[in-house]
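Shared between the two complexes below is chain A, which has chain B as its partner in the first and chain C in the second.
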Partner chain A sequence: MSVFGDQVFQLARRSVVRTVRQPANVIAPLLFPMLLLAVNSGGLKAETRLPGFPTSSFVAFALAVPFIQGALFATMNAGTDLARDIQTGFLSRLSLTPMRGVALLAGQLGGVVTMSVVQGAVYLSVGLAVGVRPASGGLGVLALFGFAILVALGFGALGAFAALRTGSGEAVQSLFPVLFVFLFLSSMNIPRNLIEVTWFRDIANANPVSYLIECVRSLIITGWNGQALGLGFGIAATIAIVALVLASWSLRGRMAR
Partner chain B sequence: MDGLAIEAAELVREFKDGPRAVDGIDLGVAPGEIYGFLGPNGAGKSTTVHILTTLLPPTSGTARVAGHDVVHEGPQVRAAIGAALQEAALDPLLTGREHVRLQASLQALPSSERKVRADELIARVGLSDAADRKVRGYSGGMKRRLDLAMALVHRPSVLFLDEPTTGLDVQSRTALWEEVARLAREDRVTVFLTTQYLEEADVLADRVGIIDHGKIVAQGTPAALKAEVGRPTVEAIPSDPADRERAAAILARFGDPCASTKGIAVRLRSDETDLAEVVRALDVEDLKVENLQLHQPTLDDVFLAKTGRSLEGSDQAEEEREAGEVAVEAA
Partner chain C sequence: MKTLAVARAVAWRTIHNVLTTPSLLIPSLVFPLFFFTAFAGGLSRVRHAPGFNYAPGYTAFQFVFVVLQSAVFGGVFTGFGIARDFEGGFARRLLLAAPHRSGIVLGYAASALARWLLTVTVLTAVAFAVGMKVGGSGVDLFGLYGLALIMNVAALLWASGVAMRLRTMQAGPVMQMPVFLVLFFAPVYVPLTLLSGWIHAVAVLNPVTRVLQAGRGFLAASPTEVGAAFAAAVALALGFSLWALRGLRKAEAAG
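Right after this comes the complex of A and B.
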């Protein structure tokens, strides 16, 4: 393995080890999305009787949400970990090594991505256990994990950017409610075409989170839907690229040496 | 200044809307030397270290470390130095061994060497028993020792220690001093040590630079600096307060009166004066004293002489004074 690859691996390993050693950071992203899934599936299953609702299983419909919600937790974990490194001076220590800044970012995000794969496996296992069968088949499951990785990468980079800009874990955590608002003002609970309140439908239409959810949803309930996949992957890639550029730029400032 | 491990000329660092943290510093540190950078909080010690370790660019002036310019040859400087900065920057969730191994991989040590090097350093700083415990359970002294081990992973030729013993108990401090002294003596590592503790600079440093308000106000060996500010003083506290005048008359034979908060004090006229002579003179006059002390000049006296005030924030000033004095309890 090259020196750079080894450094990225070691930093990703550290990121995973840190997460695993903070049980709250493991349990929350697994438990809360599953609780929300259970509550919504129980309370909103009557929606499936609406004309035009895309599936007869509300669990299958709602299973897309944990993937995005888990990515939001990834944002928090990546950001707060990095902010803590800044606050404790650990970043200065890293700055004094020959390591390139990009290795730090890649390592940190490598850990986030690893955790997102674990989370995705748990969400999908729960879905399979309650009878959900992805309409896109085995390849669709692979695409689903690829998408989860891309989303985690984007949101993780966003958290890293916030941490690098502010150097404050509290500031990173204050992002969480904002992102949650985006989640709730999306098509998480109902297809956009069935939203009757105009302002809500307009917001859901403009909200990129709707398209992220619908990308996952299409793989689970409708099979290979080019438009949903194109929009979902396109938006996730755009978020990831923009966030990575911003985080790299901020990191360069932080590690100016 | 060829061949110096650390050299700086007219080094300045200004912060936005603030005073000059570093205000025209010139210094040179020879290879294998321990240089103590002594000053109160806010004097500019840490800012100087940050510049010399490439973490902060200077506003003006030049500095070279291990032969490389800190502004233009940062990677070469960083490859040659190790640093333990003011706060032991450790991850509370990792173990001591994980820290050293991570540092070894980031310093690009071959993977075959990492384990051996980590074990060797952990043993050297006395953390073998605690190496697999998470750092959040470490004491301040253990964290400092781990910090030092990490700074040494890649065998640096120049080591920067920014207030390495602040907040440590006496035992931990002594252990760290021994290791730093050994590094300079046996491994020929150049050590740039900032401290606000007079005793630390006195015991460890081959040469001391005293910094105040961003400027070096005095530089030299501790002995030379202390010799600059004057001769030792003798202070006596008579057992009977009524004997103060007699005691003053006896002591006046040996030196000129000077201020004393508790008893009678004189600054000796000669460095050769033996405390035993003073004791004999008091004994001949049958004057009993409760306490008799010989005060050697301290680095605090040097600081006082150069800046007009005592070294602020140094809780060790009194300890240092006590270490440098010979006390004789009167019978």
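Right after this comes the complex of A and C.
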């Protein structure tokens, strides 16, 4: 393995081990989205009787939400851990070594991506257990995991950027309500075309999270929908690129030798 | 009298802390408004689902839930403050100084109530500003506030019982999660009759369902299950007052 590859592997391993050793960081991203899924799929089942609702199963409709909600937790975990590294001086000590800054970022995000795959597998297993069958088939499931990885990468880089800019775990945690607002003001509970209140529909239309959710949703309930996939992957890739550039730029300042 | 003096001092300190700390004040005002916006704005089409009959409309339907939610979480957030007081050592000094320690619980309860009154005032003003309709003369609205007030006290007593037993901020999820589940396993989005399967079975047994239905009845000027709702709310408050007082004894014993 090359020196750079070894650095990334060691840091990714550290990131995963550190997450696993904090039960709250493992349980919360698995439990909270599933609880919200249970509550909403039970309470909003009547919505499937509305004319124009795209499926007769609200669980299938709502299963997309945990994938995005899980990514929000990835933002928090990646950011908080990195902020702790800054606060405890780990990053300063690391900057005394020949390690490249980009390896730190890649390693940290490698851990986040690994966790997102585990989360995705759990969400999908729960969906399959309650009778959801992805309309896009086996290939669609692969696309789903690819999308989950891309979203986790983007949101994880966003968390890393916040941590590198502020150096404070509390500041990163304060991002959570903001991201939560984006989630709730999207099409998470109802298709955009069925939102009755104009201003809410306008916000949902402008909210990128709507398109991330609809990308996953299309693979589960519609099949292969080029527009939904194009918008979802496009927005996720844009978020990932912008966040990675911002995080790399901030890292350069933090690791000034 | 000594109990009341302790209660007054604890309440004043807690209210002062909340009012002068934006990170405590703003979320308790903004979150109920946010949920009100997300539910009443985003899901209003649900009122067209077959079998959904609620005359005042979906905004009023969700207003009742958000009022109860703000009351209950107002109590829980005050519980976080108690845990913080224990973690910082203030609560131990308070236990030493207070001649009648039940006044401590009473003081926290009074502060939770004051905190919620501020939230519900803002929430009600916003609801009327966005055109919420209320059936009848509007006097019944105070029935809803009465129920929410008892739920606020019940939630505070639950949270303070947990805080006094665990005495750490890490107890936050233990206070919050059961409350979240009990609230959301009630008919939040649609009336009970439109729920089906396991959630219906759970909602029927859930005491919050009675409170929610009575609150919605008040707003529609057709009170329903009022006796059962007040009985459920008072029973919760009484049950959790024992829980909180036993928690206080455990905190005293821990020194």
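One rule holds in what follows: the second predicted complex is superposed on the first by the 257 of 257 C-alpha atoms of A that agree within 3 Å, B and C clash if a C-alpha of one lies under 4 Å from a C-alpha of the other, contacts with A are read in each partner's own complex, and residues count from 1 in each chain.
Everything that follows uses one rule, which is that contacts are C-beta pairs under 8 Å (C-beta built on N, C-alpha and C of every residue); 3 or more make two chains touch, one makes a residue touch a chain.
Quick caveat, the model's predicted, so the values are computed rather than measured.
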Once the structures are superposed on A, label A:Val197 by its partner contacts, choosing first (chain B), second (chain C), both or neither. second
Touch test for A:Asn189: chain B only (first), chain C only (second), both, or neither? second
State whether A:Arg49 touches chain B only (first), chain C only (second), both chains, or neither. second
Could you say whether A:Arg21 touches chain B, chain C, both of them, or neither, answering first, second, both or neither? first
Partner chain(s) touched by A:Thr97 [first = chain B, second = chain C, both, neither]: first
In the superposed view, which residues of chain A touch chain B and also chain C? none
Tell me, which parts of chain B touch chain A in their complex? 53-55, 57, 74-75, 78-79, 81, 83, 85-87, 89-91, 93-94, 98, 102-103, 105-108, 111, 134, 150
Touching residues (chain side chain C, partner chain A) in the complex: 27, 31, 34-35, 37-38, 41-46, 48-52, 173, 180-181, 184-185, 187-190, 194-199
Where on chain A is chain C touching in the complex? 24, 35, 39-40, 42-47, 49-50, 177, 181, 184-185, 189-190, 194-197, 199-200, 204
Within their complex, chain A touches chain B through residues 3, 6-7, 10-11, 14, 17-18, 21-22, 85, 88-90, 92-99, 256-257
